[in-house]
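Contents: one structure, followed by commentary.
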C-alpha cells in the first residue's frame, strides 16, 4: 500500500490512528479479540455497555436473525462497574489503543455515578453515553427519545466529569438532529449514531413474539441506508464530530459514512459474524482510498456533492 | 481459535435433511477437542449474516467433519456447498468433554446430537467401557449406525420415537435399567432441550456423574455478545459458547425439572 | 390441499377471497401480470399511485439495491387520472378481483379531485389514500407526517366520496399509531402500512448521493422487523381493519403480519423480483396454515400471545 | 415471457471478469428474438433481491447463452453457479432488433455489448452484408473473437482502448470511413453509455439508419416499476425494459450530444 495514504483521524480532543472503532456490545471487553488480531491496529474500541451493578440480562432467546439484519434483546447483561474496572486495567495492559466506556443507567443518577467511576480511570480515553437505556423513572422511556432529557443528562455528566464525552443517539425518536443539537448544546464533545432500530419478530409456532420484551433492536447491513440518512442529517446539524455506524461491513461502507459527514465510524454486528472484520475493513479502506485517490479522510468528510 | 476461510472437500447427503461436511481445516483439525464446536458460514454474503454453530463430529488432520441437519437458511446455504467451495470457519470453540480413563461411560445422543457424541466415543472408547443410547424421531433421522459400530462401543441401544426402526421409544425409555445393568459411572449427552429435560428427570439424582452438551442460539460463538444465555440452578445465566457447551447436568435449570 | 382451509378475509366493507394484495407501485396496473397468472387468484390489487395529471417521474437512477432491500425514488411517474380510467376499464374486463386505486396529490385539493374521479368508477372497489406524497403547500411535508393534516384530509375525502377508504401510512413520522387514530376518527374504513422508510445511498465514485433527491424509500425484506413493529402498534390502537406490509416474501411472513393484527397484507418489492410471487405466497400460506392447524385467519388475527 | 427456474448447463470463465453461462431454458430458447434480454437471479435468496438483466447471446433449443461481466453482487452470485444448479429466469423480455434483408449493416459492440450484437450477427449475416466494429478497454476485455469469425461477417474491425490487442482506438475511431467504404445503410450498436454518446456525435446525422440497444438499472424488467427510465429527445422518459431495450438512436437524449 502506498505510504501516502493517511488513515488517521483528528477528533479535536483525541487523535486516532484510523477511523475504525468496534461498537459497544459487539466487541466484548476488547481482550477477547486479542486472539484474532492485536488491538493496537484499531482506531479505538468501545466496551460493552455498563451499569453500576451486575445485570443478568434478558431471558433467551436474545437474538434473532432477519434478512441481512439482527434483532437483539440482550438486556445489557454485564458484570457491573467494579468488575469492569479490573477488566479495563487488564485490557489496557495489552494495548495503547484508546478505550471507550459505554455508560448506561436506569436513572440520571446511575448514569452519573457510572460516568464518575470511569472518569477517574486513566486507562479510559472517552466516555460514550448510551442514552438509549430504558429509564425506570421515565416509565421506560430512554433519554434519547426526548431532547430536554438528553440536554439535562448530558449537562449534568459534563459538569461532573473531565473526559471527552461521546453521546450515542437512538434512531427511535422523532427528530434525531434535534436531540443531537441538544447534546451539543449541553457540552457533548462528539456524537455517535445510530443505536439499533426497534423491531419485532414473531414465532409462528408459538404464536408469540420471539422476544419476551416483544421489541428488540435491529442492527446490521439491513439498516445501513437508514443509518446513512440519520448520520447525514445529524452531521449537517451539529459542529462537533460525528461517529457514524449502522450496518458497516466493508471499507467502502466506511467511506460512505465519511462522505455524509462522519469523522470516524463504529462497526457493530459484523464483529460477531466475522471476528477479524476490523483487519479486513482497515485494509479495504486503505485500498479503496488509494483507488479513489483519497489520501486523507478529511478531504472527503461531509463533502457529498449535492 | 481462528477465523479462517477453509475449503470444502465433500458435502455428502446422508438422509432426509442430514448431511456430512468434510472440510480441509488444518488448524481446526489439530486443535479441536471432543466437545468443541465450530461456527460455519457458507459464504461471505450478508444474508445469512452470522455464522452457525456445529459440534465437531470428527477430525483427522488436516480434515474436520461436521454432521448437520438443515433447519433454516444458514444450514440450507451450507447444504449447497460443494467440493472446492470456500467456507468460513471459526474454531475450535467452547470447552471439551472431560477426560476419563477406566470408567463405565454411557453416551446419550438425540438426533443430530450424535455429532459431538461421535467424537466423544472416538476419544473414550480406547480407555473406557463405552455404551451408547441413540434415539431419533424416525428411521431417516437415526443415521450413521454402521460408522458407530466400528468405534469399539461395548453396546449400542437404538430407538426411534415412532418405532420405524430399531426399538420404539425414547433415549430415556430404558436408561435407568441400562445404567444399572452396566454399572455406569458417567453419562455424557447431547440432543434437543426436550430430551435433556426428560433425562434430567430420569437420571438427575441417581448418583451418576452427568455431563451435557447444550445448544443455544449463538451470535458470536466466542463469548462477546451474550446471546447464548442458559439459566443455571444458581439462577444466573451462563454463556453456552464460552462457559460451555459442556456443562454438568445439575448446573442447568431444566424447565421441566 | 385440504378443503377445510379458508383463506377468505372479511374487511367488513368487502370480502376478499384471500389476504394477498399486491401493493401500489410494485404491480403496475395489474394487467401486466396477467401474462404470469390470472389476476383472479388475488385477494385484491392496488394500482400504481396516480395524480391528476401525467407525471414524468424523477431522473435516473431511480432504484438502488441495498442489503436485502431496495431504495426507490421513482417520483410517482404515471399517465394521469384520465388515462388510468381507460386502463382500469381494460383491467376490470379481464378480472373480477377488487381493484384498489392509490390516490396521490400534491395538495389536499388534488387528492380530493383524484379521489372523486375514481369514486364514480364502478370498476374500482376501494380508494387507497397515499398520504406520503410530498405536499407542495406544506413545504414538501407529506400529510402522513402530521396527525392533524391527516385528519383534515381524510375527513374531506370521506365527506365527498362513497367508496371504502384505505389510508396508507408512512413510517417516517413520530407517532404512527396517532396518525392511524386520526385517520380512523376522520372516517377511514381501514389502514394500510407501511410505506417505504426514508434512507440514503452514496455513490462513492461520484462522491454524491445515488439519488438526485438524496432521500429514497427503503422497501423489501430488510424492513420487515420494523414494519411488523409498526403494524402491531397500529393494530392495537385502531378498531378498523389494518392491512400490513413491509418485506413480505413468503406465506410465513403473511401469517406473522396477521398474528400482530393485520386482517390482510400487501406484497411489494417481491413482485418486482419474482412476478409469480403471488401464486407462490398463496400456496405457501395455505400449506403453512395447514401445518399449523389454522383453518381461518380470523382465528389468529392479532392473537399474539404476550 | 415466463418466470421459471431453469438449470445451469455450464458456466464458463472466459477471461478477467467475463463468463459465458449456458442454461437449459426451453421456453426462452424457443421465444427469444435477437435484441431480447432476460432477467436472471442465482438463487431464491433475499440478498441480492432483484433479478439482473442480460442480453441474449445466443439460443439453440433448448439452450440459451448469456455472456456477462461480473461487476457487483448480482453478477458475482451468477458467476458462482455451476452445472446443475437452478437459476431464476424471466424472459424473453423487451423488443427486438428490427429485421433486415439485403442491407449493408454495421454492428458496433463495446465490451460486454457484444452479447446482443452476437445474436444480431447470427440473425443478419445470412441475408445481409454484415460488418462489425468491436472494441473494449484492453486485450482481456475483447473476447470471443474466434467465435465471431465463424458467423459470416463481411469484415471485422477490432480495437482496444489501450492498444494491448488489435488496433489501438475506440469503436468510433474509423467508423465514418468504414461506413463510407462499405456503403453502410444501417447501424446497430450496444455498449456503455459513453460509447453511445460518442457514437451519436460521430454518426448521428450522416444518413444511416441507427439503432441502439441500451442498458439501464432495472427493477422488474417487464414494465411495471418505472425504474429503467431513459430520457428521449421529446423530453419524456421511456422504459428501457418494455419500450426498448432497442431504440432509434435519434430518439434518445444523449448527454454529450
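By letter and in written order, the chains are A, B, C and D; residue numbering begins at 1 in each of them.
One rule holds for everything that comes next: a contact is a pair of C-beta atoms (placed from the backbone, for glycine too) under 8 Å apart; a residue touches a chain by one contact, two chains touch by 3 or more.
Please read these numbers as outputs of a predicted model, since none were measured by experiment.
Which chains are shared contacts of chain C and chain D?
A, B
Please identify which chain has its centre, taken as the mean of its CA atoms, farthest from the centre of chain A.
Comparing chain centres, D lies farthest from chain A.
Taking each chain's centre as its mean C-alpha position, how far apart are chain A and chain B in Å?
Roughly 36 Å, centre to centre.
Taking each chain's centre as the mean of its CA atoms, how far is chain B from chain D in angstrom?
Their C-alpha centroids are separated by 53 Å.
Just give me the whole-number Å value for how far the CA centre of chain A lies from that of chain D.
46
Touching two or more other chains, which residues of chain A qualify?
67-69, 220-221
If a residue has to touch 2 or more other chains to count, which residues of chain B qualify?
46-47, 73
What topology does the chain touch graph have (line, ring, star, complete, other)?
Here the contact pattern is complete, since every chain touches every other one.
Which stretch or stretches of chain D touch chain B in the complex?
Listed in rising order, the residues are 45-47, 73, 77, 82.
In their shared complex, at which residues does chain C touch chain D?
25-28, 32-33, 35-36, 48, 56-57, 59-65, 67-70, 72, 74, 77, 220-221, 249, 269, 271-276
Hey, which residues of chain C end up touching chain A in the complex?
66-69, 71, 174-175, 197-202, 204-209, 214-216, 218, 220-226, 228-229, 232, 247, 252, 255-256, 259-260, 288, 292, 300, 303-306
Could you please specify the touching residues of chain D with respect to chain C in the complex?
For chain D paired with chain C, touching residues are 1-3, 41, 46-51, 73-74, 88, 90, 216-217, 219-220, 222-231, 236-237.
Name, in rising order, each residue of chain B that touches chain C in their complex.
The touching residues are 46-47.
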